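Reading through the structure tokens given below for one structure.
We just call them A, B, C, D, E, F, G, H, I and J in the order they show up, numbering each chain from 1.
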Amino acid sequence: MLKGIPPLLSPELLKALDEMGHGDELVIADGNFPAESIGSSEGHTVIRCDGHGALEVLEAVLAVLPIDTYDDEPITLMEVVPGDPVETPIWQQYHDAVRRYDARGEKAFKTLERFAFYEAAKRAHCVIATSESAQYANLLIRKGCVLGDDVWTPER
Amino acid sequence: MLKGIPPLLSPELLKALDEMGHGDELVIADGNFPAESIGSSEGHTVIRCDGHGALEVLEAVLAVLPIDTYDDEPITLMEVVPGDPVETPIWQQYHDAVRRYDARGEKAFKTLERFAFYEAAKRAHCVIATSESAQYANLLIRKGCVLGDDVWTPER
Amino acid sequence: MLKGIPPLLSPELLKALDEMGHGDELVIADGNFPAESIGSSEGHTVIRCDGHGALEVLEAVLAVLPIDTYDDEPITLMEVVPGDPVETPIWQQYHDAVRRYDARGEKAFKTLERFAFYEAAKRAHCVIATSESAQYANLLIRKGCVLGDDVWTPER
Amino acid sequence: MLKGIPPLLSPELLKALDEMGHGDELVIADGNFPAESIGSSEGHTVIRCDGHGALEVLEAVLAVLPIDTYDDEPITLMEVVPGDPVETPIWQQYHDAVRRYDARGEKAFKTLERFAFYEAAKRAHCVIATSESAQYANLLIRKGCVLGDDVWTPER
Amino acid sequence: MLKGIPPLLSPELLKALDEMGHGDELVIADGNFPAESIGSSEGHTVIRCDGHGALEVLEAVLAVLPIDTYDDEPITLMEVVPGDPVETPIWQQYHDAVRRYDARGEKAFKTLERFAFYEAAKRAHCVIATSESAQYANLLIRKGCVLGDDVWTPER
Amino acid sequence: MLKGIPPLLSPELLKALDEMGHGDELVIADGNFPAESIGSSEGHTVIRCDGHGALEVLEAVLAVLPIDTYDDEPITLMEVVPGDPVETPIWQQYHDAVRRYDARGEKAFKTLERFAFYEAAKRAHCVIATSESAQYANLLIRKGCVLGDDVWTPER
Amino acid sequence: MLKGIPPLLSPELLKALDEMGHGDELVIADGNFPAESIGSSEGHTVIRCDGHGALEVLEAVLAVLPIDTYDDEPITLMEVVPGDPVETPIWQQYHDAVRRYDARGEKAFKTLERFAFYEAAKRAHCVIATSESAQYANLLIRKGCVLGDDVWTPER
Amino acid sequence: MLKGIPPLLSPELLKALDEMGHGDELVIADGNFPAESIGSSEGHTVIRCDGHGALEVLEAVLAVLPIDTYDDEPITLMEVVPGDPVETPIWQQYHDAVRRYDARGEKAFKTLERFAFYEAAKRAHCVIATSESAQYANLLIRKGCVLGDDVWTPER
Amino acid sequence: MLKGIPPLLSPELLKALDEMGHGDELVIADGNFPAESIGSSEGHTVIRCDGHGALEVLEAVLAVLPIDTYDDEPITLMEVVPGDPVETPIWQQYHDAVRRYDARGEKAFKTLERFAFYEAAKRAHCVIATSESAQYANLLIRKGCVLGDDVWTPER
Amino acid sequence: MLKGIPPLLSPELLKALDEMGHGDELVIADGNFPAESIGSSEGHTVIRCDGHGALEVLEAVLAVLPIDTYDDEPITLMEVVPGDPVETPIWQQYHDAVRRYDARGEKAFKTLERFAFYEAAKRAHCVIATSESAQYANLLIRKGCVLGDDVWTPER
């Protein structure tokens, strides 16, 4: 553990987020997402967050990682498969969490069909595997730049 | 880079600091310290910070890492070899930097003879190799607990 | 995720628990425990459960892992350092959780002085690193045998 | 060994099954299947179950792994090569075993020509190599979601 | 699979048995034996035979591996812990299996106290982890020489 | 060494042959064959049999490995380069060795032009590098199924 | 540290620069560049220079590495994204630093559109990740030949 | 294969012999020697020469490797275990082979008791595992210096 | 070092040359050749011969490696880039060195344009990196067969 | 190759010299020194300089590496074995080469008996294996500090 950094971010996850640059993407995967096969399909990193819901992971990530402002819709959700009657109330919670860090809120989100989402996820820099039991709870987030006040400066 | 975290802390160094627990030690080594042979002698981690002075590394580390309060003298300096006329003005800068995070300031420091320092360094969890050109500028720091206000909590 | 198995148990943790045999020990470490340096000091496995409390990890582990019945006190707690005024209410929660699986309850616990606990932890088969913020919340648990009704049999 | 989990599932196999997500596939290969060359051809995992028949492996796998309900025929058998007079009575046993976990039973199965089966197998997440001596006894199974009652909840 | 070689012997196990020489030992471990921690404690090989009983493993091993004739008691069993009321009928089956390959039969066996057995097992060349549910079913076997008729010669 | 298994088959070669399944191919390469560059070109296994002729390797391999009966010409030789006056008397020895295990004898062989042979060899599961000094002495063999009497059964 | 060699060049970076030959390229990346995902996308080397500005890294590199004279514009900058109002005063500093080693100065530079720059960077031999906070501060440099006076000769 | 170098010396064995220096030892092990457990017990190299007799390996080794002249008895044989009636005619063949390279012939040999030989073998630089079927056929050879006429010089 | 083998051939280089077969190619690269990026671009071996000229490396290689006789021009030089005024007197030295081993001498050489040479070099089995300061001094050599008198035979 | 750095120093050797600190030692080994067994005996680095004499390696090393001034005799030679009539004229050349960098010249050298030298060499940070044909030509050198004028500073 470190001072002022979310404990949920494991040393390995903190390292992965820090290694990402402008335009790199990460997946926050729900508990039924094929995280290992997709995450390792092109040699990228899979980081386990078993036992955690996706919302608490999102909140911890946004505490240190800026969302891309060069991309109008930097966050992607997986569309419900046609015919599947399931509801997605967790999406509203995602909108609220994002709004605390980015004024665009819900407008920063787009959706992608299930298999297109899988293809996009294969290009992500890392995949965070949660145990979120809600369905269609996967997120694909594009990192922005660390600029201005977000840059740490020594207290002297 | 991440928001609010010192850029000097590389992803690997951030991970190493996060992996350390109460009582673990780290070395901030000057440019002539045998960092690789000592750091690797018992399978521990050597992290390169070439080109940096030891003071700026110390300031970045203290921004996230608590100093041990269970140990009365949690920071160790290498004693000047008897007969060596060199001065150590950098020690005063170290005292000042520590005082910004720990009220004990200079009282948190002890010293150790050169070869005893090497032996202690071999037990450290990681060795950070700087290019500090000042002599006798090595530091051995014991990590404390992350407690109370130092623990991150979500903004909701 | 698998059917009927605690989601908090990551694939790697499930594998580690399954690899353990009668008499092997595991550590459930609190957030300030030096899990990496102790866990790796003799080549054993460190498994990250960042963001979780120690109690929820204990409950998930006991769902699949039997406690040793050949040892009268198969669970060990770290004693409070003399002079430290901190309280340990989490110990009562541990007693209750164990009692749901083992009739001995509180009687299955013993304590060990801080540095002796570290030495014992170095011999454990795996160390589970949680983010438990309570102090003195570490546990050392000895695995028992899987016998009788605990052995899975096919439904035919 | 763990409580209530099939002993036949080795720690490594248990880990592999747990890492799989919705839509990932596994192969249960008979004793003459080229498991290593196909399983390793795209960097996937081969897990040895030498000495076991395919039916006992299937029963152990289905005890923890849900079959896909989004796919009408989530299980694939290898078609007999035209002209080969061999019979495949083991298929009936497979139907019965699946029916105990999925009401679709035989309807959940489709078949694929020998070399097409090899190509499909190369995309599977893991290949389990048995010593099944029956011919055409290979299975390709698509994992479903862990939902509702299948999700473990703590006993409190 | 290969012609005339027990299918239960996995490629890795076959390789390990072949690599052993005169005087090397192997452990056939029951399902509760701490196979991984003991087997890996000095860098030796652990080979999984999950789902198998120890007797069928013993029979497959003896089909290719000679028992040491320079040692009067080349096979070791773990003694029942004093006070434990469990019976060990599997020992008789072991005697019978050995007698089919070595006229000494039961006389080739000795016993060792539980923790002394663990120490001896740490020096073995490989540990075979079975799922044998019988207690005190572990075996430590010393390999002999391949001589005379046991040496393969080409059919010309 | 093991009882009744050709000593020439090293532990690693024995493992490789055992890992092969129906339809997998192996190359027995003469001393001038580019075994390492071809064998490693697609990540397959190269096994050294330096100092041995190809015929003795062939005889040892056929003692445990069945030839494919689903393929009419499961063994391939490299054609003499047009214009090269060299003779290939070793081919007759190969025919005789194969006939001892497969009634098809010479009819089981086909030939392939030099560079086409190289391409086929790149797809083989393993390449065995001998020191055979005869030219055009390379063999590409397709493994069959282990069935019926070839399957080992315990002596009880 | 070594005599007369820039301390900022870590042992690993010095090795990487030395391994490069005529025509090989390196990237000096600013703090927001996706150095890890691009640098590792084709198996190349990423070297961390966290905490350093790009100009000081450039100066250290040019002290030992010749710029290509066979290529008219051996240094590439990333073009400002159309519509982005940011200024790039650091480019002038780059021109000045290069002019100290190569008379072409500013004429040795060309620019490339953001995503084309990413593609070019993927082919570089190594990527040096700095913490440069200026935007559009990335450099792609092609190494020249070490010839004539640049070749070290022993002092005898 | 290379010009004028024994084909039996595999690339790996040639490399190992070349890496040895004055005073390093190698073992030529017979088919029942525990080559892997002894050879790997202190991290040294085991090289397989399965299918070969020890005499042909000795002849190939002596073609390139000088015997130590600083040691009066640089070659060691394993003594027959007291009470074992086996004869060792292969020793005479070893004496003759050595005499062709070293005038000392039989006088260059000493013997060592079985378990003392094992201990000495653990300190050897490499162990060559043959399939020699003769008993007590192991050799421990100390390398000498390459001097004078033994040093290659270019033909100009 | 070994008897009668050029000391310049390191153990690793000797191994690489021995592993090559008929038709495999090696590059002897001058000091400015991009040996690491080209040599590692397809997973082949790069062997360092820093500090050596290319001619002495060529002489050492030809002492053990036969040149291909099935290829009319088995050795390739890199053509001078059009407009470059540099001379290539080292080529004459190469012709003379080759003539000592192959009567074709200069006729065994062809040339290839710079970037075509790079492409050909990427397919070579190994790249030897020298410090040759002459320009256009790279060589691409195709290995022939070891036949007849070149094959070592034991002195008995 | 890099500007102004001895070409004989390979990238790996340059890295190793740079990683060394004050008090670390390196061995320059002659062609008959057991470099690999001693160099790897405690996990240190062996670097090949085959084909080079020890004097040219020494000259290249001293161009970048300072000799220890805190130790009165920082360079060690191996004593001639009593009774060996060989002369050591190369020692005079070593004295001269050192004098060009350190005014102490011959006084900086001490000697150590053969086996004591081996023990000291095992503690060295790296061993450089040359092909020096002179006997007793090994050197053990202790690195000093890089201070004052030896520290590189940018030309601005």
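FYI, contacts are C-beta pairs under 8 Å (C-beta built on N, C-alpha and C of every residue); 3 or more make two chains touch, one makes a residue touch a chain.
To keep track of the chains, here are their UniProt names: A, B, C, D, E, F, G, H, I, J = Fucose isomerase.
Worth saying up front: this structure is predicted, and the values here are computed from it rather than measured.
Peer 1: How big is the rotation relating chain B to chain I when the fit is done on Cα atoms? Please round to the nearest 5 degrees.
Peer 2: Here the rotation carrying chain B onto chain I measures out at 180 degrees.
Peer 1: Any idea whether B-G or G-J has more C-beta pairs in contact?
Peer 2: By the number of C-beta pairs in contact, the winner is G-J.
Peer 1: Determine the centre-to-centre distance between chain E and chain G, using the mean Cα coordinates as centres, and give it in whole Å.
Peer 2: Centres of chain E and chain G (C-alpha means) sit 61 Å apart.
Peer 1: So what's the Cα centroid distance for chain F and chain G, whole Å?
Peer 2: One centre to the other, that is 52 Å.
Peer 1: Using mean CA coordinates as chain centres, what's the chain A-chain B distance in Å?
Peer 2: A distance of 33 Å separates the two centres.
Peer 1: Quick check on chain D: which residues sit in contact with 2+ other chains?
Peer 2: Residues 1, 6-7, 10-12, 19, 31-32, 36, 56, 60, 133, 146, 151 of chain D each touch two or more of the other chains.
Peer 1: Just spell out which pairs of chains touch, all of them.
Peer 2: By the stated definition, chains touch in these pairs: A-B, A-C, A-D, A-G, B-C, B-G, B-J, C-D, C-E, D-E, D-F, E-F, E-H, F-H, F-I, G-I, G-J, H-I, H-J, I-J.
Peer 1: Can you name the residues of chain J that touch chain G in the complex?
Peer 2: On the chain J side, the touching residues are 1-7, 10-12, 14-19, 56, 59-60, 63-66, 100, 146, 150-152, 154-156.
Peer 1: For the complex, give me every residue of chain C touching chain E.
Peer 2: It is residues 19-24, 43, 70, 125, 145-147, 151 of chain C that touch chain E.
Peer 1: Enumerate the contact residues on chain G facing chain A in the complex.
Peer 2: Residue positions touching the partner: 29, 31-38, 40, 81, 133, 135.
Peer 1: Inside the complex, what are the residues of chain H that reach chain F?
Peer 2: On the chain H side, the touching residues are 1, 6-13, 31-32, 36, 48-52, 56, 60, 131, 133.
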